[in-house]
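Two complexes are shown next, each including subunit A; its partner changes from subunit B in the first to subunit C in the second.
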Partner chain A sequence: MKSIETKAIVIGGGATGCGTLRDLTLRGIEAALVEQNDISSGTTGRNHGLLHSGARYAVKDLESARECIAENKILKKIARHCIEDTGGLFVTLPDDDPEYHNRLIEHCKYAGIECEELKLEEAFRIEPHLNPYILSALRVPDGTIDPFRLCSANILDSMERGGKVFTHTRVDAIIAEGGTAKGVRCIDEVSSEPFEIRGEIIINASGVWGQRVLSTAGINLTMLPSKGSMVIIDYRINNVVVNRCRVPSDGDIIVPGDTVSIIGTTSRTIDYSDIEKLTVDDDEIDVLISDGEKLIPNVAKARVLRAYCGVRPLVAVSGNVDGREISRGIVLIDHESRDGIKGLITIAGGKLMTYRLMAQWTTDLAVKKLGLSKKCSTFHTPLPGSEQKVKKPQIRQFTGMPNSIIGSTLYRHGNRVSSILSRQNRNFSLVCECEMVTVGEVEYALKKLNVKNIIDLRRRTRIGMGPCQGELCSYRAAGLFNELGAASPIEASQLLIDFLEERWKGIKPILWGDALREMEFTYWIYQGLFGLGDIAERSEDE
Partner chain B sequence: MIKLENISFDYCIKCTVCTIYCPVARATHLFPGPKQSGPDTERLRIKNPELVDESLKYCSNCKRCEIACPSNVKIADLIQDAKWRYLKKKFRFRDYFMSHTDLVGSIATKVSALINFFMSLSIVRFFMEMFLRIPMRRVFPKYNSRTFQSWFRGIKKSQSSFSKKAVYFHGCYVNYNNSSLGKDMVRVLNAMGIGIEVPDEKCCGVPLIANGYLKKARKNAAFNISSLQTILSDDTTIISTSSSCSFALKYEYAHLLGMDNTKIFNRVEYITKYLYNRFQEGMAPKMKPVNLRAAYHAPCHLERMGGVIYTIDLLKKIPGLDLVILHSECCGIAGTYGFKKEYYDISQKIGQELFRSIERAEAEIVITDCETCKMQIEMNTPYEVIHPVSLLAKALDQ
Partner chain C sequence: MNYDCLIIGGGLAALTCGIKCAGSGLRTGIISGGMSALHFSSGSIDLYGYEDDRTIVYQPFEKIEKIISQNPLHPYARCGMAIIQEAMRFFKNEASCGGLELYHNEESNHFHVSTLGTIKPTYFSQRSVFNEDIKEAFRQRPKIALLSFAGFRDFFPKLAAANLQKSSLFRHLEIITGEVILPMYSKTARNPHEFRSIDIARIFDSERYITNIAEQIKKASQGAVFAGMPAFIGITNYNKIYRRLRELTGIFVYEIPTLPPSILGMRIDDALKRRFAELGGEFIAGDRIVGGEIIDGSLDHVHTENHGTTRLRARSYVLATGSFFSGGLTSGFNILRESVFNLKLFCQQERNTWYSPRFLSTGGHPFLAFGVETDDNLHPFTQDGKTVENLFCAGAVLGHYRPIVEGCGGGVAVSTGYAAAKKIIDACRTSSQ
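Our next item is the complex of A and B:
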């Protein structure tokens, strides 16, 4: 069996894992990351992408609120291209308790969150399509964050500093010999080849999947999975994050993320055995849309693009209660003191917002265990792409290319845009026409960003995330995989099928209106024109 | 910045049939087509207005994309709106002069002989191309020495004898360049026992919209709406011999300019629909055979309104007319579009298919409803182009 030697091993390619890998490599520690699927494919990529100001936690969980606002300020500096500083509103609707408004102002003050009371005219100027019957409005420094880009930038930085990344690689077991964790046994899910990675310290950052991973080392840690569902609206129906000014509950936030708006979120406790087969329930969609409408009435007129859900990684600290009642605080476990296994750390809980802080704590502990003394620098070292602010007009290199293409690529990759689009190569022809993904961007992603299939490519580029949901771009992407040497024609067809199936999963729950017409057309193209179903059957036979 | 007045972009299912039908996209790679310029990038412009593409300016607003769209997306409206809302606007004397047809026309008719003479000099046209970027090869319409309005004032009394009336929105072209069409129109209606009333009117706004003078267009629209809704009784039809004028009065005012035209909406009719209906009521005038083979070209804006069928059926009622209906193609001129140097070649290229089909039709004359289509076809083919109403006037047995 192949064996790889390194110093530190990170299990899990979510935000925390990616952040930890980066922190380790930034401190000059040799490290490798193992992820069973793709980076940011689990809980990290399945939230509403809110850059918390902390105001949503201020009333109930002051500590989390303080962590949020601190990280909020750091991320605005180090991860510019993953963030949009839109600002956010808290609006009180006629059926909400007006008292919460004052409590929120007070608690924001305790937490150190700037919270400004707005005149209603001012609120409508900022967000013209708000419910006209709102009673009051507050402004907080909320924003949006793209978790895919954030993780990808962390990974890119780590790799440029020598970090190793194994995606689509499942950890079969933690190798524990004589009370010490020595490494992990993995299986490459693409080639089904087993191999092992050996290191001095193992960091379990696999979130809700940690329960299974740890059990292979004989450690018992109970996770309480709680499902959160969201729906995506076809276009940006709001400029800024709109929160409902009440105790956080279902369907009370609309986040403008990139070209779409996302209505969040529900909260339902689920059984641990269900975490691999999550589905969005119809009543969740009803609640999200009808409550979303209360915030912004235009929700009723807009096309719903898809629905998706994620699992909150809550660690059981007390009894089994509703997902929101458990502290979302950071849980850092040194298994040497807890279970007597040396060289193993678990980092869990927390949230996307605090991924960097979690990574910092974890790496601090790892560094201590390794007997080193290297200081964290992630709070001031910008991620690749965010080194400096780039304004489009400054980019001479792109004269003659459409603004929509330059702007969209710049938005997704920050400074790195200059190594993506090239006038000489004329690589700016479109693959995805909804989200302006070019041949150059696909090529860059395939070469630099650990892309193994079209679903991974989607997370790096937004391919197939627009209104057509892959109708016109998936076959072009599959063709490019073949052209660029990343897949044989037969493999590329299979990638195409997998991608369409993945898109279908999120569309199925909202199949009405224009989304239904769109799907009929997509079906006509892929089945009627390309006969893709026949290819699927044939490859099953083989 | 978000504006959600025209959210029809949300209905787009990316079938791309609009781009297949777009004459501009077919003629030049500089225009990525209606789908990308309209619904696709509208989502991006809502996210960030800076993502607006310069290529929007190549849209000629022919509206063929909207005819093709199976999802009822107001594609051309989206593009026009985005063009003037997001792109930086440069002042060009040429655009001002071409769009303010009222102003230019009223001056030009006073000195028509001089203007027509100067415009025929190649040295003048050479400098026009150099300084104004108006292509030398483009043939300009001649100006009349007397406006249609002043002619009509002379015969106004004769119209009072008719009990049945129609309001005639003549438009700039009839007023300044082709008053004979207006006169033909009066003759035809009079022959059917219908009197004409001419309202106070300003340019309908089509060239103003095309050149980004939206404020002025709104001003004109407000003037026309109030002038038209007060003239005569509520049930008098307002007719127009220009397909683009009637399209503006009926649709562009509400869709693009955001004006309330509900009071006149049901009253405005393009002339051939009005005549067709009167013919059906048995009011057809006496006609003699014209003995002519003619090719009919349907203008894009009339197609958009669904008016072509009336023109064709009306023409079929003219005795002795051997009618060839040409395959539907854009002629390429698209109003002031083809008068601009930067679009001239595109405009000519778009028209080639139509010009060839006209050659093949072996007709003696070409018929079309639109004034700029007429200019384009007359410039590019050896044939005379006339309006259906002028042909009807020829057929009148008087």
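Our next item is the complex of A and C:
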């Protein structure tokens, strides 16, 4: 069996895992990351992408609110190309308790969150489509963050610093010998080949999946999964984040992001055994849309693009838990003191907003255990693409290309745009016309960003995320996988099947209106015109 | 405005119906909202392609005979065998009059090759897809080349070749892939949007670059008998350009329908519209019928989006507005309806029963079979269950059949369009006697 040696091993490619890998490599520690699916494919990629100001937590959980606003300020500096500094509103509807408005102002003050009371006319100037019957409005420094881009940038930086990344690789077991964790046994899910990675410290950052991972080392940690569902509205119907000014509850936030808006979120406790087969229920969609309408009435007229859900990884820290419970949200466990197993750390709980802080604490502990003394620098070292604002001379090299293409590429990859678009290679012809993804961007993602299939490619580039949900671009992407040497022709056909089936999962729950029309068209093309189902059937027989 | 026959919708069913009516001397109008589904089709007309277990149907008429006896609600059963056969002969003839020859394998299906290299059974095809010479040449186990245009993103020959090689018909043939460079490439590549099949086809509506491309095709084919390429041989000047290519290359340039818009489908659209106009039909494009008044079981008048309260009147009307995709049917959160007159539908109400768990599931999706409920004469029912005597339904707006799963979309459109026309002509004759 193949064996790889490294110093630190990170299990889980969510924001926390990716951030930890980066922190380790930034401190010059050799490290590897193992992810069972794709980076940011779990809980990290399944939220509404709110860059919290902390205001949503201010009344109930001051400590989380303080963490949020601190990280908010840091991320705006180090991850500028993953963020839109839109600002956010808290609006009080006639049904809501007007007293909450005052409490929010007061608690934002305690937490250090700028919170400004707006005149209604000012609120409507900022967000013209707001419910006209709102009673009051507050402005807070909310924004939006793209979790896919954030993770990808963390990974890219780690790899450029020598970090190793194994996606689509499942951890079968933690290797524990004589009370010490020595490494992990893995299986490459693409080739089905088993191998092991050995290291001195193992960091479990696998979120809700941590319960299973830790059980392989005989450790019991109970996760309490809670499902949150969201719907995506086609086109961006709001400029800024719109929150409902009440105790956080279902369907009370609309977050704009890239070309769409997202209505969040529901909250349902689910059984641990169900975490792999999550579905959005019809009644959740009902709540999200009818409550979304109360904030922005246009929701009723807009087309719903898809629905999705994620699992919040809440940790049950109970009984004789010896782990350090640092905040109500973030849980950092040293398994040496808790379970008598050396060289093993779990980082869990928390939220996307605090991923960097979680990574910092984890790496601090790891560094201490390794007997080193290297300081964290992630709070001021920008991620690749966010080094500095892109200046005019840099853009001038793209003269002759459409602005929409330069703009989209810049928006998604920041400074790295120079390694993507090239006038000489004419690599700016479009693959995805909804999201302006070019051949050059696909090539860059395939070569640099750990892309193994079209679903991964979507997370790196937004291919297939637009109104047509991959109707035209998925075939083109499959062809490019083959052309660029990333898949054989038969494999490329299978990637196409997998991608369309994956898109289908998020469309089924919202299959009415234009979504249904679009899917009839897509079925017409891929089954009627291309006979893709025949290929799917054939590959099942083989 | 008054018509003998007013057809709502401008696709395959509508045009077939319109040509038959206009050809019989009726004052016929077609109101079409825009491009029809023909623009997204394969350009071949499927009559019946697949059994329920996905095995291929070789004798479509025999299969239809069975369908008629087993499923009286199927649109084919409403038409009857004699009308279906008559409709096919009529369609071939009228397309030819419109300038497009269609070829068929006597009573049997033949195959056409898709962009992904799967093979699909069909009944009528254009000469660059099927004819007697192609059939004969294929019997000789020819070498095949699959070629694309450099930089074109809507056809990847390698994917097609690999999948084609998996089919029993092609397993033992030599298949090579290659590329030709469009004479206009340096210009076309400058704009990232302007490189669709239609942009290439426009270049080859004239003979200007034909020698250049012919030489390249010949060279890239490396002695192959067939050169399979994304459909590109023009739209309006197809016959001539095809003939010239055949002369210059000496090989069969075989056209494959690619991602929309479909050049092959546009040729059918073009030929049928031309024929309809030639016969004196009136084609109103860019307007939409938004409603009408049904009085005593008869449609009195309709009105359009652009003309406001102006009433359009006809003795008979045909509803050929297509399925969801074309806008003939609409759906809401838990609602399905026929878009123009709110006619009675064949459907299931609960939204979570409209679809199958897998996108590419072999049985398709239940919603694909939803559509208007009619009597044996293709008359629809209003919500209170009464038929509308002078309204006929044709094509994809009809329920009780699965165009893609059965491989019968084109055949049903042509047959029901033709059947409706026959009934309208009969009705006009009776009433004027």
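Throughout what follows, the second predicted complex is superposed on the first by the 527 of 542 C-alpha atoms of A that agree within 3 Å, B and C clash if a C-alpha of one lies under 4 Å from a C-alpha of the other, contacts with A are read in each partner's own complex, and residues count from 1 in each chain.
One rule holds for everything that comes next: contacts are C-beta pairs under 8 Å (C-beta built on N, C-alpha and C of every residue); 3 or more make two chains touch, one makes a residue touch a chain.
These figures come from a predicted structure and were not determined experimentally.
> Determine, under the contact definition given at the top, whether A:P402 touches first (subunit B), second (subunit C), both, or neither.
both
> Should A:K508 be classified as contacting the first partner (subunit B), the second (subunit C), both, or neither?
second
> Quick one: classify A:I490 as touching subunit B (first), subunit C (second), both or neither.
After superposition on chain A, A:I490 lies in contact with subunit C alone.
> Where does A:R236 make contact in the superposed view: on subunit B (first), on subunit C (second), on both, or on neither?
So A:R236 only meets subunit B here.
> Looking at A:L532, would you say it contacts subunit B, subunit C, both, or neither? Reply first, second, both or neither.
A:L532 sits against subunit C, while subunit B stays out of touch.
> After superposition on the shared chain, which partner residues are touched by A:L500: those of subunit B (first), subunit C (second), both, or neither?
In the superposition, A:L500 contacts subunit C only.
> Is A:F195 touching the first partner subunit B, the second partner subunit C, both, or neither of them?
neither
> Comparing subunit B against subunit C, which has contacts with more of the residues in subunit A?
C
> Which holds for A:E433: it touches subunit B only (first), subunit C only (second), both, or neither?
both
> In the overlay, answer first, second, both or neither for which of subunit B and subunit C A:Y100 touches.
neither
> Which subunit A residues come up in both lists, the one for subunit B and the one for subunit C?
402, 430, 433, 472, 517, 521
> For the complex, give me every residue of subunit C touching subunit A.
37, 40-42, 54, 114-116, 118-120, 151, 153-154, 156, 158-159, 161-163, 166, 189-193, 195, 257, 259-260, 262, 323-325, 327, 330-335, 351-352, 354-355, 357-362, 364-365, 367-368, 403-404, 409
> Show me the residue ranges of subunit A that touch subunit C in the complex, using the header's touch definition.
Subunit A reaches subunit C through residues 282, 400, 402, 405, 426, 428-431, 433, 438-439, 472, 475-476, 478-480, 482-483, 488-490, 492-493, 497, 500-501, 503-504, 508, 511-513, 516-517, 519-521, 523-538.
> If you look only at subunit A, which of its residues touch subunit B in the complex?
It comes out as residues 128-129, 234-239, 256, 258-259, 298, 301-303, 392, 402-404, 407-408, 411, 430, 433-434, 436, 466-468, 471-472, 514, 517-518, 521.
> Using the touch definition up top, name the residues of subunit B that touch subunit A in the complex.
So the residues of subunit B in touch with subunit A come to 1-2, 4, 7, 9-16, 32, 35-36, 40-44, 46-48, 50-55, 71.
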